[in-house]
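Chain IDs A, B, C and D follow the sequence of writing; residue 1 opens each chain.
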Amino acid sequence: MTYVTFPAEKPLDFVAIGRLCIDLNANEINRPMEETMTFTKYVGGSPANITIGMARFGLRTAFIGKIADDQMGRFIADYLQRNRIETSNVVTDRTGAVTGLAFTEIKSPTDCSILMYRDNVADLKLTPDEVSEELIARSKVLLISGTALAQSPSREAVFQALHYAKKHGAVIVFDLDYRPYTWTSPEETAVYYNLAAEKCDILLGTREEFDMMERFDANPEHSDAVTAGKWFDYSAKIVIIKHGKEGSIAYTQDGVGHRAQSYPARVVKTFGAGDSYAAGFLYGVMQGWTLEKSMAFGSASACIVISSHSCSDAMPTAEQVHDYIERCNRGEVTAS
Amino acid sequence: MTYVTFPAEKPLDFVAIGRLCIDLNANEINRPMEETMTFTKYVGGSPANITIGMARFGLRTAFIGKIADDQMGRFIADYLQRNRIETSNVVTDRTGAVTGLAFTEIKSPTDCSILMYRDNVADLKLTPDEVSEELIARSKVLLISGTALAQSPSREAVFQALHYAKKHGAVIVFDLDYRPYTWTSPEETAVYYNLAAEKCDILLGTREEFDMMERFDANPEHSDAVTAGKWFDYSAKIVIIKHGKEGSIAYTQDGVGHRAQSYPARVVKTFGAGDSYAAGFLYGVMQGWTLEKSMAFGSASACIVISSHSCSDAMPTAEQVHDYIERCNRGEVTAS
Amino acid sequence: MTYVTFPAEKPLDFVAIGRLCIDLNANEINRPMEETMTFTKYVGGSPANITIGMARFGLRTAFIGKIADDQMGRFIADYLQRNRIETSNVVTDRTGAVTGLAFTEIKSPTDCSILMYRDNVADLKLTPDEVSEELIARSKVLLISGTALAQSPSREAVFQALHYAKKHGAVIVFDLDYRPYTWTSPEETAVYYNLAAEKCDILLGTREEFDMMERFDANPEHSDAVTAGKWFDYSAKIVIIKHGKEGSIAYTQDGVGHRAQSYPARVVKTFGAGDSYAAGFLYGVMQGWTLEKSMAFGSASACIVISSHSCSDAMPTAEQVHDYIERCNRGEVTAS
Amino acid sequence: MTYVTFPAEKPLDFVAIGRLCIDLNANEINRPMEETMTFTKYVGGSPANITIGMARFGLRTAFIGKIADDQMGRFIADYLQRNRIETSNVVTDRTGAVTGLAFTEIKSPTDCSILMYRDNVADLKLTPDEVSEELIARSKVLLISGTALAQSPSREAVFQALHYAKKHGAVIVFDLDYRPYTWTSPEETAVYYNLAAEKCDILLGTREEFDMMERFDANPEHSDAVTAGKWFDYSAKIVIIKHGKEGSIAYTQDGVGHRAQSYPARVVKTFGAGDSYAAGFLYGVMQGWTLEKSMAFGSASACIVISSHSCSDAMPTAEQVHDYIERCNRGEVTAS
């Protein structure tokens, strides 16, 4: 059964808007950052990672964002281009903004944290008039990410992009990706998450992220069905609620909750799991696969990323994901 | 025919959210402000003026806003209370904000301007968690005003109020009241005006204000019908588009454009015309009058205010408006 | 005995740098501001008032400051020019700053307060490169005022002016005029007051103002002699410490404390007393009078101002001050 | 001849105030930063480097500064402590500030640049009331650095420290260390550099830095003698003006310009040269050596640092510097 129809005539498969930054991943892992002496540089940011994942799967992709006018910004643009991601709408800041940084600390595979540099960052300076209507008009899918709603003018740029996507019939995906820094208050967060979510076709988030959005609503038992039902009253066709180790459930308008198989992994760190899952799932849905198969493909994709040192650079090809699934099915992969 | 149904069981007729400020009106008029030596102090702000107008008509009213912790703020609260407007949700700022000021300059009845003090003003510091759900739950009507969308956290407070009004079934009125100061860019303005307008039942604005909102849409001929039609696709039931001296037109979902009689006035200044028109019109609609009769009542109410020195303090009673209309009908009032 | 020598060859007698603002004085006095309905507009700001006072005494004066590009700013420039104060270095702001406001509340002759509007004000936006070296080079006296040190870039403009005054041999007067608003902390205040005071020839302030500056020093008994002695180690020649009703004492490097006669007044409000005292005293010193006679002239000048409704506009001529002293000496003036 | 006398009875040799940050030095050198993949983390900041240098020489040292409440801040505090630098006055920020970063790019030994992260940094948030008078009272030397003057409240903290140093008789050293970022304008910079320099005993800077300070003075030929003479009129005893490859000259109040031998080095990068020179020179002066010997010691110390990958961590011991000088004298070291 088809839950979402993608406009087949559009030449571009996928465009995302939002954060582009640099991950500085600790090379000496399993220790506190105080004792880490060297870091390796990668492109980062949730929508950037997802777009890189989609490009690795062979889709035609583009990005809408803003980079600093410095060596870090140029590294990001160059990396996207080398991954065949269209950067015509990646604007260079001229106000002296810097590139956002995320230093990762890997104390153990399950105890990971991030030290963020988010003051005066270029990605939050994208303005609504810089968003290309033409680019969105020729894309099947627009993905937005919650972090880009955290500050003006990036916030308005996202709403502008939503307006264009609605106008031109793109399928809209909202990766909630809630991170408290840069937000002023929980109330502010909930207001804009809800305004954006009302306009989206596919929502992906954790139970905690949906709870944050429901702070003004009546769902005292944190029921997934109540949550999904609320969004079906607006534009949503698929609502994925992630429950960590217990797995994810994809709700559809027919009231069905879809679950899928998960796979073992030798975990290095947990960063990047959500982004690679999102890329794998969306790829499957765009191929016309069942939700279950799409979710399984997302899970396997995530397993590959969390077994690696980076988020973006570790994004697999479709062949690698299929291969991983087969090896799991043959019992060749065991959890760490 | 009834275009909007008000929830009769609610005890409060009308609540407005937004700007509360001080007007300092030139006493020596028909000259530039440089030559004005004394000023008279009045309560001001578009939603405040409309609420005062509704209270003068005998309705049960309340206000949601924020005042400075100083003499000006206390003057405002006291004035509202003396007009029997409920102030339980008029919050006092504790951060050292000041009361917004509007010095009026009346060079001639048709050449009026305003010198605004809008830095660090209390009214824009209302936060979403300060908005009383309980108050909105017991009100038939919520009026929002565009100025309160101009900055955070007041912007989020308005969206919070809209959420409560939707949840509890209040009729929502949007007085566009667009003023460029405090807004960062036309794109930012259009984004939030549109997000708010999508949730409203009655929209009132000038042709220029609707043009500002339509900057991303296709309405090259500035057609009122196209404009109104767009909003009927969302929540709107009545869209009033004001054309200055050519009068206003009220569009309804049945495609009809309603016009009404206008009245002569001996104009002192033009300030306050829109606020008194809005109060008069809404009062009429809430009485169950036809749109034509409601609009005429609004026009006559506006005539009384623009013949006076103040905006708020000159708001008439219903009896005074009826009397004005009768005198006009008898030919006793002539234009200045 | 001469304590300070003024460079006689300079064509300009007096230039001041700092705050230019608008006073809005309550017309209905002896009541709280909540009940005041009308206000009268005057030029205000301590250094502006002193300069107006000096101009009324017939001296050749100029002002260094910044005004808003609006009706209030133009009113200020016009008023200075009508008082024959040179405004070649009164710069017009182009960033959208406003004119500072001071609403006065006169509950009783001895219970007066001020409601200030000091956000985004033009006077604090004067930059060091806008200060005219040429103007200071041709002036006998430079007067600085503490309020202008409260924020950048006005703070740096004052230090720039001090540098020029030192370089060209102007006598430097520091009217402490400490007002807590716009300052971040007492420590910040003390740091800049001390850095400025080290370069000044004549210091005028209240005991409380000198205490604020001495927060890092050892003067536990608040001794005037210790205070004055500290500044004589830097550049000071005369230090005037004001003790309110107990009168002022002028300390000189020879260790003498000079006191002078005071006069009765029918007090309307206390605002403006310090500014008119400073103008009167400096005028006397520049005439070569004894400190005692100069202080008495300052006191009489202050009596005239506090018996009137305004600060700036009430500044007397020298003839009026002499006349007031004579009338006092004849017993024709009695205190209110 | 002794040019400066240090208060021998004080238990602490040296305290510095100012910037504490993290250097992230490119591991893959001789290429643009876009192509650098990994970075090594070091403690950085000019006054921190100098203090580490002094500690390596065996002096009793302390630091006055502010660190972020995160892993980077804790790494800095720990590194200082491991170098036996007293950190009782290294305050931890509680406002969410971050640690300043400096990514170094080494395109070639002579083409080095830095990418700075200076938004919302902890070191500029040190307040005047956090500066320990007691610590300065027991120190022979206070070193200040220009960067700490760039913003409030750190700016006021430095002036506060200068006040305490004057009061308690510490010798004050000013390492100009001018870096344009974070300063608003050249005028602002010159104002505060001059106010601080007036109070200092030893000034160290490049010809360009002294030119920046003299923008309001008459020294059209950029004469070192004129520059030095100006500061001798205030508090200065020694003024060192650095002319890059042409070497440095130390001016003393007797009008003499002292020059010293320089040494060859196999240069990896130029960063850190000034800091190690300052540490070496001050160490020599505090030992009672001639200025010539002290300057030579500083030069050799700098040679060691620029031959290494880091600034702080490469600071040599006195024995290593003496050894380097001997090897140079034996012809065993040749330039790269």
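Everything that follows uses one rule, which is that contacts are C-beta pairs under 8 Å (C-beta built on N, C-alpha and C of every residue); 3 or more make two chains touch, one makes a residue touch a chain.
In this text the structure is predicted, and so the values were computed from the model without any measurement.
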Moving step by step through touching chains, the smallest count that connects chain B to chain D is 2
Top of the farthest list for chain A, CA-centroid basis, is C
Expressed in whole Å, how far the mean CA point of chain C lies from that of chain D is 42
Expressed in whole Å, how far the mean CA point of chain A lies from that of chain D is 45
In chain A, the residues touching two or more other chains are none
Among line, ring, star, complete and other, the chain contact graph is ring
Listed in rising order, the residues of chain D that touch chain C in the complex are 127-129, 152-153, 156, 159-160, 163-164, 184-185, 187-188, 191-192, 194-195, 216
Seen from chain B, its contact residues with chain C in the complex are 24, 27, 32-34, 36-41, 70-72, 74-75, 78, 98, 101, 103, 105, 115, 117, 119-120
